[in-house]
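In the two assemblies presented below, chain A is common to both, partnered first by chain B and then by chain C.
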Partner chain A sequence: MGGKVTCTLGEVKQRADFIIYWGGNPAECHPRHFTKYTIMQKSKFLPRGRKDRTMVLVDIRETKSAKAADIFLQVRPGKDFELITILRALIKDQPVRDEDIAETGLDRAAVEDLVRRMKGAKFGCMFFGMGLSMTRGKHMNSAALLTLAAEMNAFTKFVAMPMRGHGNVTGADVIMRWQTGYPFGISFNRGYPRYNPGEFSTVDVLVRGDCDAAFIIGADPGATMPQPAIDHLARIPTIVLDPHITHTSRLARVHITTAPQGISAPGTAYRMDELPMPLSPALKSPYPTDEEVVRRINEAIAKKPFWLPDGGPSPHQWTSQVNL
Partner chain B sequence: MSSKRFILNSTRSARQGSLINVGKDSEEYRALTSSMVMCAADMAEVGLVEGQPALIRTAFGESRFICEQGKVPEGMIVVPYGPPTCRLMGGDTDGTGMPTSKGWEVEVIPLEKI
Partner chain C sequence: MIRITGGKIYDPAQGIDGQVRDLCIDDTGKIVETVSGGRIIDATGMVIFPGGVDVHTHVAGGAINFARAMTPEDHRRTQAFIRTKTRRSGLGGMAPTTFATGYLYAGMGFTTVNEAAVPVLSARHTHEELADIPIIDKASLTLMANNEILLEQLEQGEYERAKQVLSWYLWAAKSYGVKAVNPGGVKAWKYGHDAKALDTPIDGYHRLTPGQIVTNLARICDDLGLPHPVHLHCNNLGAPGNITTTLDTLARLEGHRAHIAHSQYHAYGGDGWDTMCSETTVLAEYFNSHPNLTTDAGVVLFGDTVTITADGPWQHLLYKLTGRKWGNLDVENETGCGIVPYTYRPSNVVNAVQWAAGLELLLMIRDPWQVFLSTDHPNGGCFWRYPEIIQMLMSAEFRRECLKKLPDRVKSRIKLPELDREYTLLEIATAMSAGPARALGLTHKGHLGVGADADVVVYEEQVDIQQMFSHPRYVIKAGEVVLEDGDIREAPQGKEFLVRPAMDPATNDFIRPLFEDCYTMKFEHYPVELERIEHPDLRDCQPPATS
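On to the complex of A and B.
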């Protein structure tokens, strides 16, 4: 099954009376999330706010978010997929063995209580974090949870949403999807977009040493990517656009300081529910915006003669590899 | 030295988020991303005390962390994401585009006591 049954954070705020956080720690990583969009909000349909909502946290350890939860389910590390599969079976009244439930670190009573509450909700929402999507199982875990959300709609309204991090990672996915039909891991080296995670995705391209230059805007792979990828960034000409000096800046050949988005540069940022939010800068900056720097680089490239003497693709075609 | 293997989970925290805006070169940020949290029982088993450095080793690399005692399940180590965790990560993404950044099996080697 593909796709995602989801909604906006506004709908969660107005209607979600049952909220599950799976493999995420919003109390630490999304500090305004509880108060602005979910459990603490009062709404037309949930006038008593927190008292009208039930929060469940599923995680491998008791994080700060557990204090905010009504129910904390401590799943054994690496057993998320199994637990989701058990839930998918139990909601459809299919038999599940006790030993299979025990393998997840939970007991039957806790799992059946969760199923009962999920089915009894008027509007359920599952938020999932990197504890689900970046452990072993990766996209299979995410797909299982999204399928569970879709299947729950046979009983009640249910949605799922990833807890996206950082400033505008959702924006990068949304724009690439809009422009190419694919969210990330895209190669333009044949003049048209091709999608293949594992082949064209940034980490893989860098680790294999497939690219001979890197242009990085508003990201710090030097502090987040695996060491073999960082080593390759240091070997090739790397250009960084960032308001701060980062670990990536230190290994780059060129760092261009740009104005910080939303503070002194206008633009659009996408919220994690994929809603575009206009940014109104409050301050002026002596530095150019990312957009201005990219435009000026494009203009300079356009003035250069095409690099193949015997023709080839026309200069206006994209010939560089773009990886997000 | 204990031969016990641990599950290492890299995480983020509100404090780390704040410190990013101060600067990743700040001493506080470096100290934070070079700290690891273990439960008391695991620390005793490995022979570590609070504030003692230890080497974490994976199949791909190793990094030095300062040990802190905390409320984490037995057999698990929690560290904040950062340059030290990059050195522990392998480059294989299993065809997904995302490297595994949580749940590595690691070895803990205590270093000199302070």
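On to the complex of A and C.
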């Protein structure tokens, strides 16, 4: 189990005749998703657009997105993993007991209908939101759904994609990966990147009180993190780069106002399918961009003596190679 | 200014085979006749090569970055690069991080690499990654053999139009040349199919076949006067019996230049995994009688790695065979991408055949100007393991030792035990530097003549060949000593090579409506701006006068 079978959004626009949204509410959270990419578009392969596509919504409650769906499946809260596992069994014609299906809040007819439709699709796509990835089971739910998508390829073309949001979080992921090998939760305290979500994630480092300074760009942890993490941010020198006054900037020692990305600062943002999009700002800003501020801080640091005592390499810089 | 004295120079382009000469480098980073003053490096008893050139590798972009995400377990056990005053931190391993990639390549004397598979849609990302690979110079190739707008022109027999469309795409990607991966097959994979026969119309088309894509792309690259010919990953990669497809493909390239990528993966006989065997003899013979072709071996080395390719259907098969993690990314209108971690084992007969086949091609293709060192990094093994291959090429005795580890039932399926050839140092310099530089059309790379880029590597001559090539004594990049006594001393920024092919200005208006029909971004935002490339080295291409 593992990996990710996915595509860019243009493939969905062009080919997906069967779309499942699972644990997400795009009508309210990604309002352009239906019209630009998934269900409304006509294409060479789906000339009648919406009529050529089937959309299924799986969620614990009937959100606004249910109106756009052909089929709404209301799963019992916390039973997503069970439902995905049942689907994985049924696509392979393995027996599943009625009571196990009933536990998910659905009946056999609905689940078997879903399996039939999935297998009958020419190109299926599953989008999953935080209702799947951040509820009971968390990353296990995501892994199960990604595995279901991979296994569906034994029958027809199938892909899956997380419904990411929060500005350019995908871009941060992509760049951290090419520079360090890891997407987030990285510690440099041994001089090279190490990864352990739950230990090195920002919230964990703050709650333990491990860091003695914080430098925050384009995020507002003061609004979302648990109180002990916020308390620590207030205790240490916290520097915030943000166009706006935020919960975090209010508790920071320093707030540098920067130009907002995409509105008055150029750059690149990565879409949820990891495609890079150039930003062309419409307005000018009297404030510097994040990039310029960071560059000037770097230049100032470069003028100071190097942090290692002799300015030279440390004695253990080339650690021994593990034989493969 | 630098003068390197007393070293034995191996410069295949000039036919210098180990003669002791001085080598002089001026302040602009070029090789010159003579210099007065400056640093003198005493290379007495040492061996001097032009800096290595990797003709086919995957070091930057969406695919390798996908592979990095999928292999955290390898990052933790691998070589760590600790930050120093001149170096940034990073990780080595199967899919090294960008900074580490530069240090690792330069650390074994390679100074130019070619990233061999870039979708135009994510070219912006690839260039940003390439800018984060220090020291070495870089080029990148654009995936074109499954681009639906281009294929539509070929389907309609509009050759001229296809040529213009391809030029437009190359310039939009800020690319150095054309890569073709499983022509038509990746397009068919969009609906879960493949393209295995060269003369069967591709899924979704009435007339267009993979064979026609191959011939047309080769012709377009020649007609545009691109410095590097079409760089072809043939159909049917990795499958037993695929030698038939490969030979059939090569036959369609008659009269054109072409580079065949990782040919080891295309040189198998047999009709199933149980009977798979090496058919490198016929493939090598074909290359020996066709000087219009070059290839890189795509050697397989035993151990863990991660396979990454635009060949989506093959990766689905590999996932089914191994049951390991599977990453897949279909890229709208253009191409696909698949990732599967893989372990090559000597006890596995298929893997053993693959291991032997790569070496066989390097040993049986007679002209080292035609066959180059590669592992199709990271597919057959990681690039930092090249010195292992060099040792096997230079020592038949060492190969015999390695062969002892293979199961007996492999022996009848491979040719390697019969091969006694041993590469000379001059031949190694050809296969790892001069040859690939010439195939890439990089006239100022891969040699040490006056006017060449001063990319020089100095090795201490040793009996242990692997040790010798793993740890050069000095590496000089563009006239700067970047590595000395086993340590990276400087990490300057390298260049990126780009071509600007001739193009009908009306092409933009022709493509716009087709683009808007199938893509999901703004037309104006699609081409990568030249200003986004750090240190571009731009070459305008003109069609050759004879055509």
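As a convention for this text, the second predicted complex is superposed on the first by the 305 of 324 C-alpha atoms of A that agree within 3 Å, B and C clash if a C-alpha of one lies under 4 Å from a C-alpha of the other, contacts with A are read in each partner's own complex, and residues count from 1 in each chain.
Here is the rule we use: a residue touches a chain if its C-beta (ideal position, glycine included) is under 8 Å from a C-beta of that chain, and two chains touch if they have at least 3 such contacts.
Being a predicted model, the structure only gives us computed values, none of them experimental.
Undergrad: After superposing on the shared chain, does chain C or chain B touch more chain A residues?
TA: Here the partner covering more residues of chain A is C.
Undergrad: Regarding the shared-chain residue A:Thr35, is it in contact with chain B (first), chain C (second), both, or neither?
TA: neither
Undergrad: Look at A:Asn153 in the shared chain and tell me whether it touches chain B only, chain C only, both, or neither; answer first, second, both or neither.
TA: A:Asn153 sits against chain C, while chain B stays out of touch.
Undergrad: Touch test for A:Arg194: chain B only (first), chain C only (second), both, or neither?
TA: It touches chain C, and chain B stays clear.
Undergrad: Output check: A:Thr268 vs chain B and chain C. Expected answer is one of first, second, both, neither. What do you get?
TA: second
Undergrad: Once chain A of both complexes is superposed, is A:Gly3 in touch with chain B (first), chain C (second), both, or neither?
TA: second
Undergrad: If I apply the document's touch criterion, which positions on chain A are contacted by chain B in one structure and by chain C in the other?
TA: none
Undergrad: Within the complex, which stretch of chain A touches chain B?
TA: Touching chain B from chain A are residues 25, 27-29, 31, 60-62, 74, 77-78, 130-131, 133-136, 138-139, 165, 184-185, 197-198, 201-204, 207, 220, 222-230, 244-247.
Undergrad: Across the complex, what residues on chain C touch chain A?
TA: 60, 62, 65-66, 68-70, 72, 75-85, 87-93, 95, 97-99, 121-122, 124-125, 128-129, 132, 190-192, 303-304, 316, 319-320, 324-333, 339-340, 487, 517-521, 525, 529
Undergrad: Could you please specify the touching residues of chain B with respect to chain A in the complex?
TA: Touch list, chain B to chain A: 7, 9, 11-14, 17, 23-25, 60-61, 71-73, 76, 78, 81-83, 86-87, 89-103.
Undergrad: For the complex, which residues does chain A have touching chain C?
TA: Residues of chain A touching chain C: 2-11, 13-15, 36-37, 43-44, 122-123, 150, 153-154, 156-157, 159, 174-175, 177-183, 188, 190-195, 268, 270, 274-278, 280, 306, 308, 311-314, 316-319, 321-322, 324.
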